[in-house]
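For reference, chains read A, B, C, D and E in written order, and residue numbers begin at 1 within each chain.
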Amino acid sequence: MTEAQMQMNEPEAHFGADASAARRETGPVILDLKNISLSFGGVRALTDISFDVRQHEIRAIIGPNGAGKSSMLNVINGVYRPQQGQITYRGEVRKNMDCHAAAKSGIARTFQNIALFKGMTVLDNIMTGRNLKMKSNFLMQALYWGPARREEIAHRIKAEEIIDFLEIQAIRKTPVGRLPYGLQKRVELGRALAAEPEILLLDEPMAGMNVEEKQDMCRFILDVNDQFGTTIVLIEHDMGVVMDISDRVVVLDYGKKIGDGTPDEVRCNQDVINAYLGVACS
Amino acid sequence: QPAEQYIALPSYRVGPYAAGGSGFYGGIIDYFNLVNLSGGVNGVKISWEECETEYNPSRGVECYERLKTKNGGATLVEPLSTGVAYGILDRLAVDKIPMTMIGYGRSDAANGKVFPYVFPLITSYWNQAAAMIKYLGDKEGGMAKLKGKKIVHLYHDSAFGKEPLPVLEALSKQYGFELIKIPVTPPGSEQQSQWLQIRQAKPDHVILWGWGSMNAVAIKTAQRNGFPREKILGVWWAGSEEDTVPTGDAAKGYSAMTFNTPGNYPVMDEIRKKLYDAGKGNMADPARIGSVYHMRGVSAAILWVEAMRTAQEKFGKGKRITGEQMRWGLENLNVDESRQKAIGVFGMLPVVKTSCDDHEGSGAVKVQQWDGKKWNAITPNWIVGDKALTRKLLEESSAAYAAEKKITPACAK
Amino acid sequence: MTTAAPYLSVNNVEVIYDHVILVLKGVSLQVPQGKIVALLGANGAGKSTTLKTISTLLRGERGDVTKGEVQFKGERIDQLTPNELVRRGLSQVMEGRHCFGHLTIEENLLTGAYTRSTSRSELKASLEKVYHYFPRLRERRSSQAGYTSGGEQQMCAIGRALMAKPSMILLDEPSMGIAPQIVEEIFGIVKDLNSKENVSFLLAEQNTSIALRYADFGYILENGRVVMEGAAADLSCNEDVKEFYLGVSGAGRKSFRDMKFYRRRKRWLA
Amino acid sequence: MFMNFFFEVLIGGLLSGVMYALVAIGFVLIYKASGVFNFAQGAMVYFAALTCVGVMDKLGVSLWIALPITVAVMIVLGLAIERVVLRPLVNQPEITLFMATIGLAFFIEGLAQLMFGAQVRKLELPIEDVPWQYLMDHYNILVSQFDIMAAAVCGLLVTSLALLFSKTKIGRALRAVADDHQAALAVGIPLQRIWAVLWAVAGIVALVAGLLWGARNGVQFALTFVALKALPVLILGGFTSMPGAIVGGLIIGASEKLAEVYIGPMVGGGIEGWFPYVLALLFLLVRPEGLFGEKIIRRI
Amino acid sequence: MLYREAGQFKTSYQADGQIFPIMQDRIALLALLAVAIVFVPLLASPYVLSAILIPFLIFSLAAIGLNILTGYAGQLSLGTAAFMAVGAFASYNFILRIPGLPVLVAFVLGGLSAALVGIAFGLPSLRIRGFYLAAATLATQFFVVWCLTKIPYLTNYSTSGVITAQPIVIFGYNFDTPDRKYLLVLAVVAVMALLAKNMIRSNVGRSWMAVRDMDVAAEVIGFRLMRTKLLAFAVSSFYCGVAGALYAYAYLGTVEPEAYNLDLSFRILFMIIIGGVGSVLGSFLGAAFIVLLPVLLNVVAHSLTLPTSVASNLELMVFGALIIFFLIVEPHGLARLWQIGKEKLRLWPFPH
């Protein structure tokens, strides 16, 4: 093995080594999932899963492919309705919540297979994220006059803040369909942020990025978490990222929960190692 | 530069009704060419321009607008399409261009006091419907025999098919026959259920008020359901070769109305000899000379040329007449038997004599029957229905139109 | 790179999208027979575009090759149809999965063998091989691909390309969305095919560390130009590559949490 | 008597439905292969029928000689369409391809009439469109023998096409193409060749439909409208399914006739124009992909 | 002379949110409007006004309507003509039955009636998509025309179902000549196009496009699918309804329900696809293409002294071929072609 290769192996070997030091204070439980089960026909995507998310924390969900991670997010924001289980959000038991209601109550998300509006520009995509905050009706918007216009501009200012924050000023007016994958992911994050959510669900936000871009993305996530106090639920396959930035990690495998705890605890959980990590903790 | 009489022809030679269009306009142009070959009308040659409407009202209006100002202004227009005719109806009086609607369009337009520029020449739908009932009554052996009979009105479910309803309803009341109305949704390429209904009703006669491909389908479907074709009587738009040829033998015995007596006439021979033999015929297929649509086109052209002649008598021979003068010519038309003989079309069309009150000028029709190869007239005489009734309806309807449009009925000078 | 004659070579290609967007500005690269070549570069550098140029899939996206040529086994291929390329042994795994959503996983795999006219048993053997590589696919073999998870679709896309028994595979971000263990396995498969069946690979990859670990050569693309090339081992020793692609600077690897500033990469060429 | 009439209407409807299905098959073929609704199908039906009678007329040959010539023409047409229209439009949005088929429809209509004129023509098949005497005599039920033949032809077509497409490589490839052109190309499916073949086959199906409809209604421009009759059949049966075309055709045919006969008179008649659409629409509310259509995958 | 963005800095989002952010475009548009209002009525012949410009504007309006539904909200519809018919016949009835009702109000009411019908027939769109929906919208087309032929009340008991549009009188001023009608139509179309543009650049428009591009994601973000789609149907039908009323009142005069047949629906659809799906400008370009091209071809074909039937058929073929040609050159329609032209101009003289 060359020296370089040794170095490259290194990160996996001792990820998160220095990260455990300064865990932040997190708030009370904001989202509590109890005994969630979800199946599609014969496929059991989730079986009896319980976990909670505390305010202001970064909560990671990891697990092998097809473990049910994305399905879990879909349950949280109401795209799928679990056959069993109970979801308590901000102290209230949620019944029959659809995704619109979830959005209204402050849950925003990004998607694994980018779900941007391909025909629209970056700016418009981000503006769609603010739709729930728009008050004027369509007639006023048609006239584009008075309050409607003021409102539009006010929201535009917010959108521009996000654009600045994510450093995508240069592509503001580009149709998103033409953007490279990594930038699309960033725009999608921007759209979710535009809703000023309480909980932000991120489905593999760093897939398809190189290290530098991942670093940027991590920075964005951490900043959102710090500056706006947004709670973040994150799915990611890059263990370096997960172990470094998350406060607690839940591990799924075949729709079952096999681990839950701080990154360090999870890292050394034998089930998790067998099912997913493949590398023993050091 | 000798004067030319310019006529606008918004025609259609593609699309669903192309077959009719090419025959009709072919006939018109053939006759124009014939007239021009013999030096025109008192030396005034006829010029014309065609424009493809595809039977589409909006394209038809564009064509009309485009054609009307060309060559010093059109002096006559004929779109052979109800939709197009309606689209330009309001513009005619402003533009002072008369329009003929030979055998179609609104029947009440025969009232020249309300529609000075519109000429539903020869016969309107109302008079035709009346004539059909007359014919059926005669066939039964007198109008009184119609009592208790069942007559189906199988119609194209559109303005065209509904036009004769007032007449048929009035007559059904008057003579006591049962009128069963069965609509066919355009284009009418499937009529199984209608014909099953007809078979079920066991009518004595079926009036086929169809148009385009609906006719052939009707005849074919009658055959497949074993309904005798002899009991079917078509409107004149259901009485051309285009309607019967595609059905093969199925149409044998089927009869339909016409305002042209099928047969050969000197004028057709001339067209054949002077035009087609010289390669100047308008239609691609010389076999269509003398076909129903072609004959109808020739008839239309004859009436126009006669109107020109009449107008020239009054406004100056050998001069190009204006649209207004043409209108006068059309309003004072008298194509009687001697005139017909002179032209070489004696008996081909009824006598047409117009006036301000009567822009139709005739109202007489014949019945023709398909023998499997060609149409043959089966009524030796021209039939005229209850004109008093249609006159009454006409007055009512045109008065309503005049009121709506705020027109004071009056004869134009 | 003198070890072998170029199996695939891309010469000075220029690509324009939509008649106005110039994306590749003269890219040249070679893949020697039986080697693994990595194509690295940031988002939007033009990696996918390069691969699509080779596989002539660009046409469907309103991209035009305005300059340059592509040769495979010594013949020009830029005018061929993708079907013909697959027949000649060149397969592509497209970025973003592109599974046939309405087909089941197994049907997806079978379409991969479309160009092969082999016996049923051989087909079965190929299928078994893919299932052996990706056991997860075996479990989901009869689900419609549209309803499988992201990673499963990615496996399906790779498996589908393998079904054609190609001699050269273009892989566009195979590791995207795949669990780390499987990523290792995928690269293991790549190495395996490479050494046992002499399959050549050109892979566009963001996971630089693993790509350089398995590749023989590497090219680094920036803004539509090749800015650096060399043996994989050399590249991974390069300080710039280390810092910007591998995330290890002089002081060793830094935690993602501690990146206090957005770091701006130095551009080799403007 | 009442029941007898009911059955007549029902059978008549079912057989009309077969005629609709015949046209619908052509649509299914193209939709399967490209996910696109082929607006030009009606024009192709007209073109095929007109070419056949045109050839008979112009060359003075019998149907049996004109038929293979027309088949050849339809194949050439299919190949040309692929080469000139479809190949440059690979991977374009469906609506673009749809529009291209509209352009194609105009072109084909113009071409057909330019070559053979716009006259209405007679087409006589060796089987007559008259009631089948046997059924008439024994059961007093009226069924045209022509319809029986049409049903047989249609059944044959559907079975063979369905067999061809169900389990074979080609069938799979077609579904793949409809899902994703780009990926289909990437796995080496010869999109161009498949399209060419399918359009040629669609041309031949159009010919069959054209002959049967043409024999019934005369070969005339209105043949292009029979497509309208096939549409509700398609949405009911599912755009992608051969058996769907048949089943949909039967349902639509029977129900529209029954509706026209039993409901029509109450509302002034002429409901055949919209009834099938409304029926299909109501049905779609329950099954948005039609009876046998592939389920639309909506997932995030 | 130079077409550049450079040097035009926007100092506020308001300025950036303008419909035409580049100054040259704004000037060009104003100039165009000025020409359309002042010079065209003076210079254009009655033929150009009444046979080309008026239908062009009316079709543009209908195309904008369809574009809102199909281009922006992604719901393919083949029932445009039906909504136009509702607008026309409703306006006719309102004027007929409410004495003294101003014509423009009647047009608005006609549009609203069309909007109601649109909502009713838009309901299935909540479950049905794509070509299935398109085929299902044909139900609207046939059903509406059927109603108009079957319900005598709607056509004021005219036996044949034909109606004659009342004269357009606004504040005692009779719009009866081509130039007056043209100005009226121009005003209506210009105002409505502006309103459409406004909607499209605000939240409604974004909601439509979001639903078009990915409806599940739109829902997750908080758009209500039902409301958004139905609003698109309503607004679109409103536009079509007004266009239909203008078609009857300012163009045809006397109409039968058949004038609003499937053929017309298709023509409007052609317009937006040729012009550009999801582009207001495209609606105008497409309408111009579909209105002008046949006229042009007709003139050319007839000046070639071909036999008329040959000319007519060639015309049809060339029309079809040109549609295909344009799609191949630019699948996103004339509007995109225009845009690319502008982008090239912006870069000019450098190729990229």
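The rule we apply is simple: contacts are C-beta pairs under 8 Å (C-beta built on N, C-alpha and C of every residue); 3 or more make two chains touch, one makes a residue touch a chain.
Nothing here was measured: the structure is a model prediction, and the numbers come from that model.
Path length between chain B and chain E in the touching-chain graph (shortest route): 1.
Following the contact convention of this document, D, E is the list of chains adjacent to both chain A and chain C. Most remote from chain E, judged by the distance between CA-atom centroids, is C.
Of all chains, the one whose Cα centroid sits at the greatest distance from that of chain D is A. The interface with the greater number of C-beta contacts, when C-D is set against A-D, is C-D. Inter-chain spacing, taken between the CA centroids of chain B and chain C, is 73 Å. The geometric centre of chain D is 32 Å away from that of chain E, both derived from CA atoms. Centroid to centroid, with C-alpha atoms defining each point, chain C and chain E lie 46 Å apart.
Computed centre separation for the pair chain B/chain D is 36 angstrom, with centres defined by C-alpha atoms. Taken residue by residue, chain E touches two or more other chains at 142, 146, 149, 214, 216-217, 220, 309, 313, 315-316, 331, whereas all remaining positions touch fewer. Of all residues in chain D, those that touch two or more other chains are 92, 109-110, 113, 117-118, 268, 270-271, 273, 299-300. Chain contacts: chain B has residues 13-14, 18, 22, 157, 185-186, 284 touching two or more partner chains.
Going by the touch rule set out above, the chain pairs that meet are A-C, A-D, A-E, B-D, B-E, C-D, C-E, D-E.
Of all the residues in chain C, the ones that touch chain D in their complex are 55, 57, 59-61, 81-83, 85-87, 91-94, 98-103, 107-108, 110-112, 114-115, 144, 146-147, 160-161, 164. On the side of chain D, the complex with chain C involves touching residues 90-92, 169, 172-173, 175-176, 178-193, 294-295, 297, 299.
Those residues of chain A that touch chain D in the complex are listed here as 74, 79, 111, 113, 115.
Across the interface of their complex, chain C is touched by residues 331, 340, 343-344, 347, 352 of chain E. Looking at the complex, you find that chain C touches chain A at residues 17, 21, 40, 42-45, 48, 95-97, 136, 140, 143, 147-152, 154-155, 173, 176-184, 206-210, 212-213, 233, 236-237, 242, 244-248, 252-253, 255-259, 262-263, 265.
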